[in-house]
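Below you'll find the structure, written out as structure tokens, and then a few comments.
We call the chains A, B, C and D, going by the order they appear; numbering starts again at 1 in every chain.
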């Protein structure tokens, strides 16, 4: 069932390891079949070199397992909340990649300091509020998804495929599981750059709106002219 | 004698190199057979690409060699003091891994700033007192073990499998030699993150007790629900 | 047509990946045939492991494609402006390499703090002015070239084969496409060093003119005595 | 002539590349035959993957080439000055390794902040004075050696096999060419650690004399008990 999606999700998870965003069994990527309303996700606590497509777990939109012999990622409820609220998302990725996690641990949004950032993300990478105790004590993973959705009240998730969960780490997404991993790789890269800009103690003002628009819009949307179409 | 343990200890030592926690012959891992009261440990000053199970040295709980043609690690007395006092420990690991050693050299505990930390360690990673001169001059390695044990007067070593020896570096442990290395790898990772959080000059307050409990306890103990059982 | 140049440009682009200056399809290198007034450049948005010499695009000095089935790099107009103004340049390279980009994002010139720098660059690596809005809104890539050329009003591009475009990243050049990449590799290295010197909070004064002259001139120009001629 | 020494020097140079202390043709290692008073050194500007033992150049103690078809390293006069003054040195190594060079560029000695440092170097890594103009203008490389020797007026080079040349980079040495490279590798490691300790903004006081003695002397000299004899 959904063999293609399971292969795609498996490969996206393996890409996490290859890109050195995770160690041990950390991190997880999922993908959704919007028509069938089924999400394919990494099983919990399985090492990457043992991960194969047949181990990918299928769950329905409430998190019930519909296929697979293993328990799904403990972060499944967060993924589902994202899929339920961000309608164009086809893949979700969670890592504890070093530099993005540093910003999350510092509870700071990553300012848009350059065009590398503007090429992918339309503004500062938002950070959630610090989670209140009652969000943590019950339905923690679901509430992690809720606080992400709350953070996007005035942000378009199609133009901002990343968030930092305060004291925790990044979640990213995209049109496919592979694209959600690409968002995670680029996020890690710009997080490192922005962190190092702090060492130079220069102004942390974001780049001008004009430059942000130029770079984001020359790669995305109707007037884009980067790439081969 | 104790062939299985020697293989396990050898592999755990080689993992140090593979994980890039050590260069040259730095670092050492040991394992214990609690029933026989014998500890298997890396020989002193042997390069990792020459290390084989038959070179692993067996010592009794007082440090006398019971098998092996080579001198045991010069840190053997520290390992033994840990085994004598922390009763559930099955493996001990010592490295000079870069970022953990930086915190040790700074004589600072690593604050628990995020859930990556909370997933493995139940609170701040403690640092020992600076060693007094008389601890250094005589029985230095044994006293390194003693100051570690003193640091844990009010800390449960089963929930905190790591310590920073001031001006020196980390010791970690676990249920097996392999697990003690995993503690060292994760410690290095969170040490890097916490160091970089300093660059962002944000508050160094630890995460809330509720979040710490949630993450540590969803992976450890009775109510754990991470992984495949 | 210009098969040798296309091979050279292709190899210089692949070197960007090998030297870890780029991820995905980021970055681009071009080369010029000064006699024929034709520039060979990487196609836009093509992944490095799919890049072959026959995919390299040939354009004239106004940017019109004269050979090749793909769209040229979106930065082509910047490359052309550099070739039109810096007459000895044979190759141009653009990356978002981490540490050089950090200085560009900080809108700071890289001070000449040591002989590693002086061996390649005759003084501080200049940074452009922040681009005014009207430069961004129309002919953005051409204007990126213009602001680079304006920055070199009093600097000799033969002795300073690098610039930081403010809020963006580095452009480098050299006698050939390969040499422009070498400039980018060394720039990234000295950018990392200069950034880390900031951590030591020491004086940011440049090295003495005498030492700068000694190191630059023992490797470059008439009296050079480094290498095998 | 001196075939064994040439092989040893060639391998020590290749080790620089393997340990990632150098890029391109940067860096150089030499070795001396004290009896014959001949020094074997890397040729100037030769890439490491083209380096073979027969390309190693032999020079006498005044720098005249006695064998070899290539020009010796432009730093040869510095190496010779070290050999003439530090009588037990069998090999000399020069790199621009990142973190050691950062300290050199900052014109700061590396304080002995931990036992990793104390295991190899008996105190702070000294930095030379900033070179006066007349030292630079004439006999620059010889004077680089002179200022190193002057820095060691009250330091024993056998216990301190490293120096930072201000605004330049490290020179290291040892009983053999290979040992001089080992000094360079460890120096780079402790330079990174000491740099990162600065981020933690903790006291920069060196470790106690007692701890320094303990660690240096348990690995070196008569009472040493590390390793297998």
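Note that in this section contacts are C-beta pairs under 8 Å (C-beta built on N, C-alpha and C of every residue); 3 or more make two chains touch, one makes a residue touch a chain.
Given the structure is predicted, the values throughout are model-derived calculations rather than measurements.
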Each chain counted as touching chain A and chain C at once: none
Shortest walk length in steps over touching chains, chain B through to chain C: 2
Magnitude of the superposing rotation for chain A and chain B (Cα, nearest 5°): 90
Same-site or different-site touching of chain C by its copy chain D, using the half cut: different
Chain B-chain D separation of Cα centroids, rounded to whole Å: 33
Centroid distance [mean C-alpha coordinates] between chain D and chain A, Å: 46
Contacts with 2+ other chains: residues of chain D: 199
Pairwise touch network: line, ring, star, complete, or other: ring
Chain pairs that touch, as defined at the top of this document: A-B, A-C, B-D, C-D
Complex contacts: residues of chain B adjacent to chain A: 113-116, 182, 185-186, 189, 192-194, 196-197, 199-203, 207-208, 210-211, 214, 218, 225-228
Contact set on chain D toward chain C in their complex: 23-25, 43-46, 70-71, 74, 96, 98-99, 101-108, 130-131, 133, 136-137, 140, 167-169, 195, 198-199
